[in-house]
Amino acid sequence: MTDRPTLLRPPYVAVIGDGEAIGPDAHRILAWAEEVGQLLARGGAVVITGGLGGVMRAASRGALLAGGETIGILPGADAAEANEFVRTPIATGLGVARNLVVVTSADTVIAVGGRHGTLSEIGLALRMGRHVVGLSSWRVESDQRFGGPRIHRARGPREAAEVALRLAKDGPVQPA
Amino acid sequence: MTDRPTLLRPPYVAVIGDGEAIGPDAHRILAWAEEVGQLLARGGAVVITGGLGGVMRAASRGALLAGGETIGILPGADAAEANEFVRTPIATGLGVARNLVVVTSADTVIAVGGRHGTLSEIGLALRMGRHVVGLSSWRVESDQRFGGPRIHRARGPREAAEVALRLAKDGPVQPA
Amino acid sequence: MTDRPTLLRPPYVAVIGDGEAIGPDAHRILAWAEEVGQLLARGGAVVITGGLGGVMRAASRGALLAGGETIGILPGADAAEANEFVRTPIATGLGVARNLVVVTSADTVIAVGGRHGTLSEIGLALRMGRHVVGLSSWRVESDQRFGGPRIHRARGPREAAEVALRLAKDGPVQPA
Amino acid sequence: MTDRPTLLRPPYVAVIGDGEAIGPDAHRILAWAEEVGQLLARGGAVVITGGLGGVMRAASRGALLAGGETIGILPGADAAEANEFVRTPIATGLGVARNLVVVTSADTVIAVGGRHGTLSEIGLALRMGRHVVGLSSWRVESDQRFGGPRIHRARGPREAAEVALRLAKDGPVQPA
């Protein structure tokens, strides 16, 4: 990995979460995702998502309506599958393996709620040296303490966006 | 997905974990991985690993010396990178994305210890509908209860192998 | 695949070719790639490349200096590997498998020169239903005539850009 | 890449081709694929295919009935999708990206007929340093002569198997 002492491009932050928010918390999760997207865009970040519905659409909506740039890394081969708030769709044709691209293309990752797909992205993000900020998302613990990236738990969208923007400026860390 | 009412082929069980076991528990983790491999082979299972060192090598060693079949799904492009206990190396050239193949090619997954790469495989396994048996591995929890596959915590190698073999016979479940 | 009757977003055209143009034709190949990038940007297209050197850098340079948008789909995990004319780097971490993303994310593909990596992208593009315009690139023939996408040979950068822009407006075709 | 001076494991040869042989040559293509599989197995090789129908099934059938080992690298997530002559199914969940695994896991590749998916595998094989033997398959030419792996055209199944077995013993070459 090359040094990245100065970030000449804007920070890239991925927002991950369920494509179909369900359950008693669905409304709150989507509202949070939209606010996270809005705050990231105001903070100058490019918002990356998986490009589909639910949390991905809410975060893209928040960012685009705030004047931000939104990238959608789609599992399928057709850019038209992207939700209407994705400005730059990337159709990968990779299926589930696109989860790796969603997190690797970002400097930092925010997880809002989420099911097993989100857990896989959290694991892949840490594996690739990206810090993860969790907002009402998976609690993940190990007996051992590893160096490298960590999961930072945030209490609300404002804290999540602030922590992610700060960590993004530091760039990726050496994976554990 | 097609039905799989009768499993005509042997069960395929992936054993995942650190490629370079370190820390105070390293000796116990490797001994457990080898015993898991041995018990799986005796139970008639094919043992799949990532094909490299540490837990992958220990599990392959246990299985091969017990007369079992061992498959190594390698990240690189050279089959010669496989450890000497892998009978069937599959060089993927995929890098980290090979983690998806390790778990998808298995009916059930056993995680023995492990760092961030192992966490990514646990998430991907659940995403693909594979049950995971954890042995001194990641504790993963969500506020919500999802249907679909689960993480089963085992207290020792014998319990891990038994649970994995039983679950493998049931086949994959609908992902949450 | 969903219908795509109206292309609301700009056409996405991938320019593929050698990362390190060599041989007697190197100078001409790079000049052509830059002119192709320039003409595509003037035609309103987003230019996608693999984000590295050689033809990828030349095409990005042509497009960016003409005021266009440039996306670089990188094989590695570090966005800083992108050449300086890529405005939107997508670090995939996929290695060679990123070749699939380069062509799938585009509506049409232009190959300028190129070695075996370029041939793999031509094959993947056709497999994914994308037309390919070849400029001093691989000649590929089969005994059989298949329906679906085709390789169109162009005599110069202007013809290549014109054909690609026209085909991009028609959208992907059913793969053979 | 590590040295591979002595091949302690059997040669791995991938047989690629159409999953649904059609056209006037379909019968001959399938008969050739089956004979290729048979000859490879008799020559001591493990036969790798994409695990589905058409040429993949014919080659697996030839190899398995001759007492050989057959591996099927499947695009989907369900091992039950493999044809009945695949002894070791590897469900990848990668979709088209599994084409990279089919060729990278082999020492040499034989293409029998084939459409665009086969062309993508030929390109990927050469990119990964694997020689390709073509049997009534794509003719692929470039203005330039590159070092590295080549496409060898065979006139019949016997020549194809012989050339592939000989090249497999030499191991992969440096990609151009």
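Order of writing sets the labels: A, B, C and D. Residues in every chain begin at 1.
One rule holds in what follows: a residue touches a chain if its C-beta (ideal position, glycine included) is under 8 Å from a C-beta of that chain, and two chains touch if they have at least 3 such contacts.
Nothing here was measured: the structure is a model prediction, and the numbers come from that model.
By residue number, more than half of the contact pairs of B-D reappear in one of the listed pairs A-B, A-C or C-D, namely A-C. Among the remaining chains, the Cα-based centre furthest from that of subunit D is the centre of A. Averaged C-alpha coordinates put the centre of subunit C at 28 Å from the centre of subunit D. One simple way to say how far apart two chains are is to compare their mean CA positions; for subunit A and subunit D this gives 39 Å. Counting partners per residue, subunit B has 93-94, 96-97, 100, 128 as the residues that reach two or more other chains.
Those residues of subunit A that touch subunit C in the complex are listed here as 1-4, 9, 12, 46, 71, 73, 76-81, 87-94, 97, 100-101, 104-105, 107, 128-129, 172. For subunit B in complex with subunit A, the residues that touch the partner chain are 23, 25, 96-97, 99-100, 113-117, 119-124, 126-128, 136-144, 146, 148-149, 175-176.
Across the interface of their complex, subunit C is touched by residues 93-97 of subunit B.
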